[in-house]
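Next come two complexes built around chain A: one with chain B, the other with chain C.
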Partner chain A sequence: MAALSWIKRLDLQRSVIYFGFLAIFLFFAATLHDDGFLTTRNLTNIVLQTAPATIMAIGLVFALSAGEIDLSFGSIVAVSALAAAVAMQNGPMVFGVIAGLGAGVLIGAFNGVLVAYLRLPSFLVTLATLGLFAGIARSMTDLRSIPVINDTFTGFFGSGKLLGVPSLVIWTVAAVAAGHVLYRHSRFGAHVLAVGDNARAAQVSGIKVPRIRLMVLTLCGATAGLAGLLYAGRLQAAKYTLGESDLMTVIAAVIVGGTALNGGKGSIIGALLGSLMMGMLNNGLILMGLKVSDQMIVRGVIILVAVAVSLRDTRR
Partner chain B sequence: MTATPVLSLNNIHKAFGGVVAIKDFSLELFPGEIVALVGDNGAGKSTLIAIVSGLHRPNSGEILLDGETVSLSDASSARSRGIEVVYQDLALADEQPVFMNMFLGRELTRKPLGLLDKSRMRRETQTMLDQLDVHIPSAGSKIRDLSGGQRQGVAIARATHWASKLILLDEPTAALGVAETAKVEEIVAALKERNLAILIVSHSLDQVFRLSDRICVLRRGVQIGVRSTPETDKNEIVSMITGVHA
Partner chain C sequence: MSLVKHTLAILALLGLVASAGAETIGPGGEEATPSSTVVVGDEKVAMVQAKRYSAALLWHDQSDFVNAVTAGASDEFERLGIEVVAVTSAGFDAAKQRSDIETALAKNPDIILSLPLDPVTSAAAFEEAKEAGVALTFLSNLPAGYEHPKDYAAIVTDDLFQMGKQAADALAEAMGGEGTVGWIFHDAAYYVTNQRDNAFKTTIENDHPNISIVAEQGIADPARAEEIANAMLLKHPDLGGIYVTWAGPAEGVLAALRANGNDSTKIVTLDLSEPIALDMVRGGNVAAIVADEAYELGRAMAASAVLDLVGEEVPPFVVAPAITVKAANVVEGWKRSLNIDPPASLTSN
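Here is the complex of A and B:
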């Protein structure tokens, strides 16, 4: 009986991501065995490369669950990384961390105020700020790349290790764990879901709906800011192009991971698996030796199928 | 009656832009009393409920709870004073489990981390539903998987559990079958025993006459009158609602 209820709880919407993840993994494991797909090094690399996307995906799960969306994270990443790099040119690591995270939080809060208190649609607000901050990232440094030479910073947010575990893995695990607990086991998470599910029900239950909207968009900014720090740490430089290509990856990861586009429902663990799945896909297609243009086409088709299947099950 | 009314509304006025929804409305509700609010569509019944539940501020007029003037600025302020509402649209979050809806906005948490105490909310929800004889597959079922009657049962159980003074019910049996309606009426009648004051909006005059102690009639925002249920009849109420004298 216990087993039966356990199987029931593992509803279809979640199992899509488990099957998809497993199918892609097995496919590459079989076809790319001789190309080193299964080596510890390659698998670790996938986790390292997806760390920023996974962390942004966590923020997006909260935004979508509250019935909002954030598209601006694609350019918040670059602004945060550049802000951190510039701050560390003449200052210690703390300056970089404060500048990077601060930029993310401020831009997120800016989106949040427009959405929560002026009731502008988040889709339009964050589409506009995506462009706005992409422009600001370009003009901040005249399109130049800014090196990050602070070793403590690059160790902490990039190439460092703790007890043999790469710091990016630690960041990923910590962020997913914290995100999951906040989402599933805190009052905040419950209120986010209620607002996205039925904003009126949330309001008459005494939940401060605008505050929740402000907070999820600020959280998105913060996760994009952290992603910016991770990029700057791993690449030891910041450039306006950072995060540009993450927009589609992160949205696809979150949707494939079982988060509803219209709010009230989602999964942080699903988003992690979705993000890893996107990472495997990138990695496998490169190892297969496909041209960049062919990679884009194949990836696009696979994402389309995956998103279509997940949405069929996520929709009510 | 010499007891202090639980709720007194004095000269309440509410307009939306140019539309006057409630005009100069006054009513007193006493503990253990059921008052029915009747009127045609658009008469202003839901607006009045929204005013007492803190969702709308009246343009003028006074609200007194237990004889004290209060300002109900939002849903929390009404809830914290023991007022609960079963809304016309039920106000349930469809994708969330029953127990989370039961505790929406006042979730139980566990020390020391302040995380949700889901197992306790589940248990207490089951007890609340059992007490009212509302049958659902489990306290963990999603609202969306419940029937109309079950949803109504959840919304009513939620209100009756948390209310300590006053319950407002906006058409609580509108979507229900005969058996479910009888069940809801039984629950409402039982609330009298708990000495709660009850304001019920209903389009069913049969129901109004079965349940209420007094009947208050609204027509296009105007309070036409209040009658003691045993001293009136359907014809009088119908003509008050419609303005047509038989």
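Here is the complex of A and C:
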């Protein structure tokens, strides 16, 4: 009986990501233990491969929690990575970091100004800027890939290690910790949730709603900019296609992680687990030796089930 | 710096190939070796089978072409007792290609067959596999700075020059050896299409003196093919033929000819496509399609990797032949190129 009442008290929507993550992990651990799934190298690879998506997911949790959305982050990733790579062709690492992060912040702020002060819907603004900056990324280097040959940069943002821990793992942990503290334990986080829950009530209670909207979209741009730097470091090159295929993965990770599409509710830790779950699915389905089309079908069905369970409870 | 130098060297060579090319040349200027000479002989089968090698096929995308390459490689691997432990598609995403390589390495494959997405981003992506001593065989592209035979077993690709040449010869035959031609080429620095397009032009200019190229137009976006063809036909309404760089834009050119009520201008293009082939078997504008032998590409990739593993010398640059597909040989051509039967629409017409 005690167990039953515990289950009844359980918040299904908040817990689905933990159960889903654990179930998928145990399934692959059981079926693929002879295929290298549980090796430290493979599990580390999953964290490395998902680092950029996890960091983008943190920005998106803030945007969705404030009742906004950013669809343009894939293009921001490409522009930031290319800006960093081009800046480092003739300058030190710091130029690349400033150019990459700066591009992300500026594009995010551009989205934010249109949404917050011109009162345009973020869905349409960022859909338009998705195309706009994808075009700019293509024209920046005439579709050419730009190599990144600054070893300090590639170590810091890509393949390096600190005390034996890969730099991408450190970036992931640092970003998730900072994001979680900002989201759960700061006035800004509380204001974001208040705006997403009921913007009018937030306004009446003295919260500067447009400023919060500007800030969440700028934060989204900044996280996409950082993701661009991580891609450039990891691939030791930048290309206009970087980030193009991340949109659905990141949105799915965030929703599966317990963030509401219509604002007022979210979780940074959930987004991290959602992102790791996506990476684990990609990894496990390849190791199972499935055909590519079968991998896509299975992944689609699992994401659909996870999103359905997450959202069903949100609507209650 | 070495990465930049190598990239520039490859780009410079591609430029040379594009301007000079009388035959297909590798991305590092290597001479082409016919794929038919790259064979794991029956006498080696038992020895290779005993080694119980494994292979991963890490593709750039999914398509009929990739399916046929996979089939060719898988059949060869099966003959040699080699297990295929992973098959992936990067969807043209360089970051996904890197992740796919890392994931596949967890299964410790002895062989990786792959199409590197581009020389620059692929250099770091394949580094771990290279360091692990995996036999790497690349399709059509080479990561910057990789050296043969130290870093990879072979590059295998289409006989690109022959594809362009055969397209020129087929168009000339359809036009009765005389007339004017429009040349729609791929307007991008891409090794595969650049060689094919230039081979067509060179062949028309050198081998068909009574045919002249009167209109040249580059295309970067296949969706613009119809308007490009319309503009070309407006200036040159009596064009005898049009070469289109590949089948996707050729569909737009065909639409333009139909809209103009033009049934005299002939089209040749490269790579199989059902709508283009359907027009051809119905006696429309399309005179011929030149295709590659994708299944043979896969077989040759697998054979190159195995020969490298058993310590035999493998040529650095291997090419598979091209096939001219016309209405009369569409069934056989489809089968030889993609290793599947042609769509029912082509055989019921």
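The rule we apply is simple: the second predicted complex is superposed on the first by the 305 of 316 C-alpha atoms of A that agree within 3 Å, B and C clash if a C-alpha of one lies under 4 Å from a C-alpha of the other, contacts with A are read in each partner's own complex, and residues count from 1 in each chain.
The rule is simple: a contact is a pair of C-beta atoms (placed from the backbone, for glycine too) under 8 Å apart; a residue touches a chain by one contact, two chains touch by 3 or more.
Since we're looking at a predicted model, the values are computed, not measured.
> Tell me which partner A:197 touches in the superposition: chain B (first), chain C (second), both or neither.
After superposition on chain A, A:197 lies in contact with chain B alone.
> Examine A:236 and indicate which partner it touches, taking first as chain B and second as chain C; both and neither are also allowed.
A:236 contacts chain C only, not chain B.
> Let me test your reading of the model: by the given contact rule, A:261 touches which partner, first (chain B), second (chain C), both or neither?
neither
> Once the structures are superposed on A, label A:181 by its partner contacts, choosing first (chain B), second (chain C), both or neither.
After superposing on A, A:181 lies in contact with chain B but is clear of chain C.
> Return first, second, both or neither, reflecting whether A:52 touches chain B, chain C, both chains, or no partner chain.
second
> Could you look at A:35 and tell me whether it touches chain B, chain C, both or neither (first, second, both, neither)?
So A:35 only meets chain C here.
> Spot which of chain B and chain C makes contact with more residues of chain A, would you?
Tallying touched residues of chain A, the top partner is C.
> Is A:205 in contact with chain B, with chain C, with both, or with neither (first, second, both, neither)?
first
> Does any part of chain A touch chain B in one structure and chain C in the other, and if so which residues?
none
> If you look only at chain A, which of its residues touch chain C in the complex?
Going by the criterion above, the answer is residues 35-37, 39, 41-42, 45, 48-49, 52, 143-147, 149, 159, 231, 234-237, 239, 241-242, 244-245, 282-283, 286-287, 289-293, 295.
> What does chain B use to touch chain A in their complex?
Spelled out, the residues of chain B in touch with chain A are 53, 55, 74-76, 79, 85, 87, 89-96, 100-101, 104-107, 109, 114-116, 118, 144.
> How about chain A: which of its residues touch chain B in the complex?
181, 185-187, 190-191, 193-194, 197-198, 200-207, 260, 264-265, 316
> Using the touch rule from the top, collect the residues of chain C that touch chain A in their complex.
1, 3-4, 7, 59, 62, 84-89, 91-96, 98-100, 102-104, 106-108, 118-121, 123-125, 144, 188-189
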